[in-house]
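Notes follow once the structure below has been shown.
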């Protein structure tokens, strides 16, 4: 995948990130993130778990640049990410969303979607090159390239999510933020996507910040896990450590609540 | 109870008024399209379908009832009603359709931008919309017709100035709904510019509601044109137009010359009927696609 | 017997008259609109009244009058025992006050009294009016609504207050008035003409839409429709519940041609247009046969009308010949301005448009709302348009001036036709006492206008009313006066 | 329906109609017998459910799992007589305590709803009437049945809300659904489902929309209710681990059929027979035990209109109470080898 | 609730100012001179000038505008130029007929639409459903003045059931006179209302909460009244609000056809006369009427829909 333009090996470091949402009533506002620090090393999959409303998505949005109102520093590959990012910086960090039905433009074929991004970012000098790259991307996400010319309308959730991943990969990111990317899917389809993430990491050295409320999924995919509670990271460690020997009460609560097969 | 919520509901409803049934969309569309198609065809082929010019006067044959020489009879100037109906279709349908196109385009653009960007732009647009909506429609239209003089141009302008608001509201609400899903975020993360997001992604996805509404809007526009003619502020004579035909025919109505008023009224009603069927059908077809 | 019962006036009844326009004021010196004038004539009396056929004037509050030898003084002898509705007796003091009110420059009808220099009151029942020059039309001017007799100093009220609570000597008095909606007048029980009026009350109600007016009369909800559209006549006649009354009127309808504009400054162009207007068809199609094609510009209801002038007959060949002589032999483009909502004008415009097209004159019809159309004509900002005139007095002076003279008030009914000679003839005629001498001059004026055709006289239009079959003796005057004191309703 | 015995406000204990009590001991609570449901789409009938055979006994908690679109909800709705207009039962029987619910034109079904069978829906946000106070929604059916007044109904609502673990129920009884959190709404739904003292409770993914911690509370609540009410539960979910937590027996559906079911959930989970069950279990990530690569399925089951319309063989008994549908070679291919082949595709 | 009302009322200010300004601009841009229109043919230039001065039309436009807005701020709507009466007292006569017309029309619309919509929702695709929907399409395309003319021809002139036109003297007469015009107006509203209600009812009947209600064993009646109708009422109210808002414009037409001395004829005459104060005031009243109806709608919303109710 050299042609994907991945230089491999930039580390994301988020330091002391805080986000406060203005609320109508109180002047103080609602503190969604309170001084969060987190790092994602090259080729690493970091899980971010926590309850609903704990601030997972907010952190993800800060990292990809959708949430521009934050304090703290973001560094990627050593350089500070300003609030307004350069095109290259934007390309480097991409995102996959929860709902594959809402995040794809239903009016466009997969090829149109990919081509648009490739054109905007000046990737591929002509149509043939872009087409070739799109086909390559489809294969990368384990989709038959023949589906390029169809619209998402007829596709299953799993297929759509693969298209969404292909779209994110098309601009050659080094870090992928996956926000609940599998929680809308069936178990068996989820398993396929999780395997895909694992494969992408293995094949092209992609780093992934994997946001989920499902502990079991995080456990099966991630190298490291951060547990977030009310805007603060309460525990962060190697996956095995978190699951086998949780140190924080909140983590233990979560683990106790998670159902499991006998 | 936030303004946004109310606004959303209201606009959502406005687009919803234009819809009805569920499964029968295609039959509706078909019947409607046939009716409208026939009328349009008749308008286009008008000269082939009649021996008389729409403004040819014949004072030896005024106020005649239907006969083989004059299919629908004649008016007080001895003009053939059938010809006037045919040629009137040209005037009214053309004007009504054109007067829908401009507000559709402008309203959609403004609504999409307003819904996407929000902020002060949105506030200003929505306040302007409030004023236009609250302003008595016919006062605006009549004043504009007075200012600009009678005729096609001023009717077109008057309708456009008023009716972009409905489109803007519908599109704005839909855009806001769409923007609150991951849809826009996904595009932003991809690095697309706002213009591209709004016009290449949002507009194509929300415009269908506006188009459905446009069908009922054409009907409404025919109503406005006809009513303006009724007030004597419509199409300038002798251009045939259903509205002025009705207005001119009304004094003869009570005298038993029903045709002079009823025939153009029937033309208006049948056309509107066809168009609203098309609207219904489109609403269903477009909804299925969603 | 039945016949006599039907002929004998009965007392009682509430009459509703529908009209297109609102009553604006009841102050006699103020109104310029018929909607106000005609009700004023029911509330107030003038010294004299027009004869119904317009042939002259008859006594009213003045029982007799005479002109002095030098022609400068007119003496009027007042009727005794006439009471205002507030109980006060009407005397010369009131007459003097009334005439002076109307003579004030702020009164729009001051021009009517322009010849008057002084009003004196030798005694309570005698009024002498002095003029600078002998002024033949004076008795006619004393029969105009503007010179209605109001109590001295408006019985102590301000003019505004008086307008809302008028006090007159007329057959009816104001009962209630909702501005812009309706006004009801009830019988004046002390009316000096004993036995009259017959009606208990009359209500003037505004109904803007002519179809609705026709419907209401047809449905028995109202008795008189003031302005039935000519096109609705058949409907009303067929209905069986309403009658159509056509009354001689002073109204003449014209096609005004703006002679300030090219090519209308050319007389041949105007004659070509005149020859291409088929007046017979207009009468047939627009008036549905009521009315007559017009020749001279004065109405046949006046003695000043010259019956020998027949205008330009409809003749397209002649029209082409005229046009060929003009600077625009192949035709030109022009507009006819019509008032929106006026279907008669629109119909006429379309007929003339079709006819002129045959001469190569391409006409665009421009509809302006009445106010704007009015403005356009006043400002000479139009090519051709429709106008009409009517007179408020029986003497031809007012109307021949208004229509025929550049400075008569309307610049020759908006034709802007300027002819010093004609103007001087008209001025001269007013100073003559001899009607024959005046008639000769007026015939001359009409001939000159006929030659020049700045106005194409279209037709002499009857006054048209639709009224319920149980309304009797409804005979409006040529001047428009309803004369409702004579009207009665059978049960 | 308004027998003397019904006047009790107790929710523990069977509250069926008096006449049926005698036979209640013998027949299973719910028996779905070769139920077929077809959908009318574009003028054609398609099989949506095929020969569904299933039992729930008193005190039993049966899980019904399968991927999205496999027909789980449809099964529940058919058994409740709530099929949407375009769907209809073509054959088969649904028996509640031995009585055929489809027999007399829906009357039996109507009689059994609420009192005999209750249902908890997946999305409490849309299944509660947004314009009615929750207290009233909990008790409207029971107070209509028993002719209760407002006050009595309110007291009962408070009691039920307390029973489903809503803290400070007096405060919330007058609230509207939108004022409640997702967990509370689900509790309200459960409260109104148990209001009439049903003997059988259907649950259609009642915790899918909830947070893990809330989910575990709700599951605990179900366990408690099951013990208290001694009712039967038919619990639909796509999450096998939830089922394992809560259920005693399990049925697995795939494409409108039951492919495997057993009265002993543990046994079946440990040694699944049908390739689809195996694939499904292989796809579930685990909280404990060794971390393994999951098994992703190549694709979901085809939509109704693309499914094979050939009749399927009946379930075969593996052991008493454990039935399996015979798997065709294609299915074996799809669920076993297909997984790897597809994963490798690229 | 109070806060909400205050907020809404504050929001009115820009709309009122906007409407007032727009009317002012429009009226002064329109060709045609009120003084000339008032005085007619025979007016002398002096009389014209005097009248213009009296009406303040000789002042610079911005001064007239300021005077107008100033008057507005103090609640002084001025004097009608043509009726020599204060606008406020004229409005006091003109407003009631229009309000009554709107009220009766609204009542008719509801009384006709609700049962029909229920029937249609029950018999979806049936004969009634199809018939009413076709009727809707026809009604929607029928010009208001034509409906009026036909109603008069049939019910007044042929059958003599109702007065042809007018407003009557007593309240009873008012109501009777307004029945035909109200029906004509209601026929404009009904198609939209029926469509909206029918759709909303079908949506409600297909909703999960109705399924849940059925699952609870509730009776059909209870489901219809407490679940379907109450939820369908919410969009119903909204549509009614929008339509009644449009209705304000329709009164211009229908009052003319039925000669009702209401706001519509007042405004129309004002425009034709160039009676600036009348036009400005009545346009404003119409705008306020529309806004007021919307406000009522929103309040009704709050009553029917607890989700938008303010805590």
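Read from first to last, the chains carry the letters A, B, C, D and E; within each, the first residue is number 1.
By our rule, contacts are C-beta pairs under 8 Å (C-beta built on N, C-alpha and C of every residue); 3 or more make two chains touch, one makes a residue touch a chain.
It should be emphasised that the depicted structure is a prediction, and the values quoted were computed from it without experimental measurement.
Engineer: Starting at chain D, figure out the least number of steps needed to reach chain E through touching chains.
Structural biologist: Each step joins two touching chains, and the minimum needed here is 1.
Engineer: Among the other chains, which touch chain C and chain D together?
Structural biologist: Chains in contact with chain C as well as chain D: E.
Engineer: Starting from the Cα centroid of chain D, hunt down the chain whose centroid lies farthest away.
Structural biologist: C
Engineer: Just the chain pair, please, that has the highest number of C-beta contacts.
Structural biologist: Per chain pair, the contact count peaks at B-E.
Engineer: Whole-Å distance, chain B centre to chain E centre, using C-alpha means?
Structural biologist: Each chain's C-alpha centroid was found; their separation is 21 Å.
Engineer: Taking each chain's centre as the mean position of its Cα atoms, how many Å separate chain C from chain E?
Structural biologist: Computed from C-alpha means, the inter-chain centre distance equals 40 Å.
Engineer: Where the centres are mean C-alpha positions, what is the separation of chain A from chain B, in Å?
Structural biologist: 47
Engineer: Roughly how far is chain A from chain E, going centre to centre by Cα mean, in whole Å?
Structural biologist: It comes to 53 Å between the two C-alpha centres.
Engineer: What are the residue numbers in chain B that touch two or more other chains?
Structural biologist: 146, 231, 250, 253-254
Engineer: Give me the residue numbers in chain A that touch at least two other chains, ranges are fine.
Structural biologist: There are none in chain A.
Engineer: Write out all the pairs of touching chains, ordered by chain label.
Structural biologist: Every touching chain pair, ordered by label, is A-B, A-D, B-C, B-E, C-E, D-E.
Engineer: State the interface residues of chain C toward chain E in the complex, per the touch definition above.
Structural biologist: Residues in contact with chain E: 22, 24-25, 32-33, 105-106, 108-111, 160, 163, 178-182, 205-209, 211-213, 215-216, 218-219, 221, 368-372, 374-376, 378, 402, 409-410.
Engineer: Quick one: which bits of chain D touch chain E in the complex? Just the residue numbers, please.
Structural biologist: Touching chain E from chain D are residues 77, 80-82, 84, 110, 112-115, 117-119, 121, 123, 126-132, 140-141, 144-145, 176, 178-179, 189, 192-193, 195-196.
Engineer: Can you check the complex and tell me which residues of chain B touch chain E?
Structural biologist: Residue positions touching the partner: 1, 3, 5-6, 9-10, 13-14, 16-17, 19-24, 127-128, 130-131, 133-140, 142-144, 146-147, 216, 219, 222-223, 226-227, 230-231, 243, 246, 250, 253-254, 261, 265, 268-273, 275-277.
Engineer: What residues on chain E touch chain C, complex-wise?
Structural biologist: Touch residues, chain E against chain C: 30-34, 36-44, 46-47, 50, 80, 82-85, 90, 93, 149, 152, 156-157, 160, 163-166, 256-259, 261, 265-266, 268-269, 271-274.
Engineer: Which of the residues in chain E come into contact with chain B in the complex?
Structural biologist: 4, 11, 14-15, 18-19, 22-23, 26-27, 29-32, 124-125, 133-134, 136-138, 140-146, 149, 153, 157, 192, 195-196, 198-199, 202, 235, 238-239, 242, 245-246, 248-249, 252-253, 256, 267-268, 271, 279, 283, 286-288, 290-291, 298, 301-302, 308-310
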